[in-house]
Amino acid sequence: MIEVNDLTIHLPGFSLKSANLKVEDHDFFALIGPTGSGKSLLLEAIMGLLPVDRGTIRLNGRDITATPPEERGLGIVYQDYALFPHLDVKANILFGVRYHAIPEKESQERFRFLVDTMNLGHLLTRHPVTLSGGEKQRVALSRALILNPGVLLLDEPLSALDPMLQDDLKNLLKSLHQELGTTFVMVSHDFSDVLFLANRGAIIHKGEIKQAGTIQELFEQPGSPFAAQFVGMKNVFSITPCNGSAVTLNGLDIQLDHPVTGHDHLALRPEEIVCDPNGSASGANRFAGTIKKLVNRGFYYDVFIRVQEVEFMAQWTRREIVKNRLEPGTETRIAIPRNSLHTF
Amino acid sequence: MIEVNDLTIHLPGFSLKSANLKVEDHDFFALIGPTGSGKSLLLEAIMGLLPVDRGTIRLNGRDITATPPEERGLGIVYQDYALFPHLDVKANILFGVRYHAIPEKESQERFRFLVDTMNLGHLLTRHPVTLSGGEKQRVALSRALILNPGVLLLDEPLSALDPMLQDDLKNLLKSLHQELGTTFVMVSHDFSDVLFLANRGAIIHKGEIKQAGTIQELFEQPGSPFAAQFVGMKNVFSITPCNGSAVTLNGLDIQLDHPVTGHDHLALRPEEIVCDPNGSASGANRFAGTIKKLVNRGFYYDVFIRVQEVEFMAQWTRREIVKNRLEPGTETRIAIPRNSLHTF
Amino acid sequence: MSLPLIFLIIFPLGKMLLMPEFSDLMSALKERVVLEALGRSLFTALAATAVAMVFGTPLAYIMARKNFFGKKVIEGLIDLPIMIPHPVIGIAILSLFGRNSILGRMLDRVGVEIMGSLTGIVIVLVFVGAPFYVNTVKAGFESVPIRLEKASRTLGAGMTSTFFRVTFPIVWRNIVLGAVMCTARAISEFGAVIIVAYHPMTAPVLIYERFTAYGLKYSQCVAFWLIAISLLLFVMMRLFSRPRRIQ
Amino acid sequence: MSLPLIFLIIFPLGKMLLMPEFSDLMSALKERVVLEALGRSLFTALAATAVAMVFGTPLAYIMARKNFFGKKVIEGLIDLPIMIPHPVIGIAILSLFGRNSILGRMLDRVGVEIMGSLTGIVIVLVFVGAPFYVNTVKAGFESVPIRLEKASRTLGAGMTSTFFRVTFPIVWRNIVLGAVMCTARAISEFGAVIIVAYHPMTAPVLIYERFTAYGLKYSQCVAFWLIAISLLLFVMMRLFSRPRRIQ
């Protein structure tokens, strides 16, 4: 278990402000935020590679804030893999074994298990420069996992890979996590990766932790406009707080499926807005509007619809666009299911 | 009009083989292919920046194969923009004016028009290093367009930009093309960009032009497994040619909506496969199958379904996945509309 | 741990600059021999730099832009003079151009002398200084993306216009830097010059002569002024080698 | 256009290497004075390199890894000796360590002499050679991504293990290259050495003496052997400066 309390780091041009975090054993924890939000910084601080200005880091109750990195018993996999260029794949994987009290037999078994799982058998005598991105990633993972770290830290493991390889790696990470039971802490700027992999997470923005909780919570109940945007609720509006389960959005009356008080933001995923030209949807807020813009995203379209003073963004499949003959200027009807609306 | 006849270029490690191409006036022509297929090479050859081993390039009937680049009357916008770092934005845009017989008044008008259209007014005294990617792109476009080139060549104009900016640039390119009437030739590795922008195009693979035609044709009637894959028909199968409008795909009988002869490939877009658990779709091939794998893509899922010996890939929205409670191992039914099947 | 090394550099030079008395320094400047030697050093170094620029700029451009068989060998040759013992350089040049060689006799016939002449000194200084110029300018040309030259061509500029409007404005800092380094290297040359021309006397030779003839103190006053010129060039060099500022 | 420059480098050296007769070369090698001078040059150059390695390696590491106030100034100081006229270097070192200076008298009392001693020569050679070593090794350390050292720490290796298992194996080519360059530069030094120590005689001084006393031809035989050593070092340098091959 990792506990980060009140961690503050000042760097020229950036600071991490009083971060609090708790990662339970066997969690797949995600630190999520846009580029430059300080999430990799937090990872390096947990690893002990960065001097800390204030606050403590505890591993299983033990204060490790001042422990040098080599004695923390944590592992890290860098985004650029950081493989040793002068050593072959086998020597890279075995690099750390001598510093850990691992019996010869056990380390050999683990080595064989990892080489099999990661499919590295044919690469053992190769040098890192000759490997592809995906192969490097697997070597870096093996090098860290052979030491059986208490926690494995992953710095943007997916972002340097091709989309094809990203899928493979996601499945690999998921099955490694399930099989080994190691606690994983992953840094990511892409919420859809996190959704697939992690069970808990925290959203960081400009050096501050905005929200922490289960991924489900983050996904369904973001607590700030930034978090809402980040988890895919592209429609974020300020609302006039009303009584009960109805709110007013710039003159538009909107029904919620539960009463709220004190909330002044409304958020909504674009794919939840239903294309409903015949007005047949039930249990929903129904509006007539004009299509302002269509953006082709391949499988689906981003559709911008103006309803009175409000512009909604919806995502509809190409099939829907073609079937309903939608194009800029078309008048159409949309339905917004009550249970898809989120306020905070 | 650009005509490329039998163009052959040998470079160490790569060659462009006997390419033929015809770009009509006012076309928005797309050269499409994966990285390393030779499409940028072809662009550089048209521009005159690369020695040609064999073949001719004609511009409006005139042979320009041996003309130096500065006399071809073509413009190019590079992927990395290639702005002059020692000149400010204004000097960059006006760089080429003195070499063209453009009356002072006209060049000033064009300058003002481009600065307005591209929204560069506040940047004129800035130097390129201080600009964002999108701003650089707009400066590079202005610098080329102020010379009123016969054809504007665009080398992967979208790939170096953020997704947000890509949309803006696509709209800008589209409206520039409509407004100026200039012929555009664009190189791209992403078919969805091309779909939005271009009217005609050619698919290149390993230095060979595989297919050319209108974008509609390329999209709907790819002529090779590579082209089919490339335009998004992720399901490509070898078929046993049958008589009439039925084919056999590895034991599966499939009905087409028109008779074919001699074709031995079947291709199908993943989003055309309908999720149909109740078997209610009509006019379609209906099969029962097992879900092998689900890959979360954010808005939608890639769904791999095994039907007897055949594995189909479908793309369904998250809503469908949730509604039908689909997960790996689920037995479900799919429907493949006859008119979505393409053979070649 | 590394302090001895830093001190080894600071202390001798510091002492050197601080020890001579001001009146001695000024009186040294009033001696005609000293002034002439300093002037001669500066003049020959600048002349050598001019020669290096004329012949070295195209060489640097070719080395940066073209790939050809034997390029590695030429690169090696350009670096070679840095590693050759200086008296040997002088002897080698005398062997080639000296009065008893074929080339020497040809030059003699047209009235050009190498040994003991300004021409000889300049040739020696080109030999030792040009590598600094060529390498610096070559690095400059390499830093100009070939894309920029291509873009310029596509905008209608011919090859000459492209060089003067695109390549040169980006690379001129390196040209100045290379010239300063070449001058600084040339002005400080002693071993090769003393072989080719003890007279006419350049500043380093004069310093040596005074040291052997009159001792340490007497030579320091001249050395001070030569070091001052070198430091000035050195400061210029540091200024120009700073990375281009973003405007 | 650039051919004159290339020829200026090739011809003198080529002539130099080809002209002396084989028998003269061999008989020069049999002279005790010549052999001793060459040996002394090699020995002092290697000693200076050893000193530069001991003191320069930590300096190079600090310069590559740390940022501190005044770093630019130290960088400038390290480059400085390359630009200082060589006799001036000799004079500066004598001023500091000479018999009449405070430091000189202190050294005198413990029996260390600078003027006219091997110690003095080595100090001079450290002064001129160390910048080459420090700059080369610094570039080497800079080329080792700090990420690799961090990764090594996270795998359980302490700072010392990390240096010897990660940093050093990547940087050793630069250390060898720096040492070769330092030796090559030191072995070819003349101007500073002749001020500090005419005797004991190093090879460049011997060449100069023979040139002034007996003329060109007689000096060439010694120069040939010195140039041979320099070329050998130069070839080693080119080999080590090749980019690391991908295995």
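As written, the chains take the letters A, B, C and D, and residue 1 is the first residue of each chain.
By our rule, a contact is a pair of C-beta atoms (placed from the backbone, for glycine too) under 8 Å apart; a residue touches a chain by one contact, two chains touch by 3 or more.
What you are looking at is a predicted structure, and each value in this text was computed from that prediction instead of being measured.
Peer 1: If you apply the touch rule, which chains end up adjacent to both chain B and chain C?
Peer 2: Chains touching both chain B and chain C: none.
Peer 1: If we define chain centres by averaging CA atoms, which chain lands farthest from chain D? Would you check?
Peer 2: The chain farthest from chain D, judged by C-alpha centres, is B.
Peer 1: Could you tell me the distance, in whole angstrom, between the mean C-alpha positions of chain A and chain C?
Peer 2: Chain centroid spacing, chain A to chain C, equals 59 Å.
Peer 1: Could you state the distance in Å from the CA-based centre of chain A to that of chain B?
Peer 2: Whole-Å distance between the two chain centres: 30.
Peer 1: Can you give the whole-Å distance between the Cα centres of chain A and chain D?
Peer 2: Here the centre of chain D sits 55 Å away from the centre of chain A.
Peer 1: Which chain A residues sit where two or more other chains touch them?
Peer 2: none
Peer 1: Identify all positions of chain C at which a residue touches two or more other chains, and write them in rising order.
Peer 2: none
Peer 1: Could you classify the connectivity of these chains, where an edge means two chains touch, as line, ring, star, complete or other?
Peer 2: ring
Peer 1: Let me make sure I understand the interfaces: which chain pairs count as touching?
Peer 2: A-B, A-D, B-C, C-D
Peer 1: Per the contact definition, I'd like the list of chain B residues that touch chain C in the complex.
Peer 2: Its residues touching chain C are 47-49, 68-70, 72, 74-76, 78, 80, 82, 84-86, 95-96, 98-100, 127, 129-130, 143-144, 147.
Peer 1: Taking the complex as given, what residues does chain C use to touch chain D?
Peer 2: Within the complex, chain C contacts chain D at residues 1-2, 4-6, 8-13, 15-16, 19, 52, 55-56, 58-59, 62, 74, 76-89, 91-96, 98, 100-101, 123, 126-127, 130, 134, 184-185, 187-191, 194-195, 203-204, 207-208, 211, 216, 219-220, 223, 226-227, 230, 233-234, 237-238.
Peer 1: In their shared complex, at which residues does chain D touch chain A?
Peer 2: Checking each residue of chain D against chain A gives 145, 147-148, 150-158, 161, 165-166, 169-170, 246-247.
Peer 1: Touching chain B in the complex: which residues of chain A?
Peer 2: 167, 192, 195-196, 232, 271, 295-300, 302, 315, 317-319
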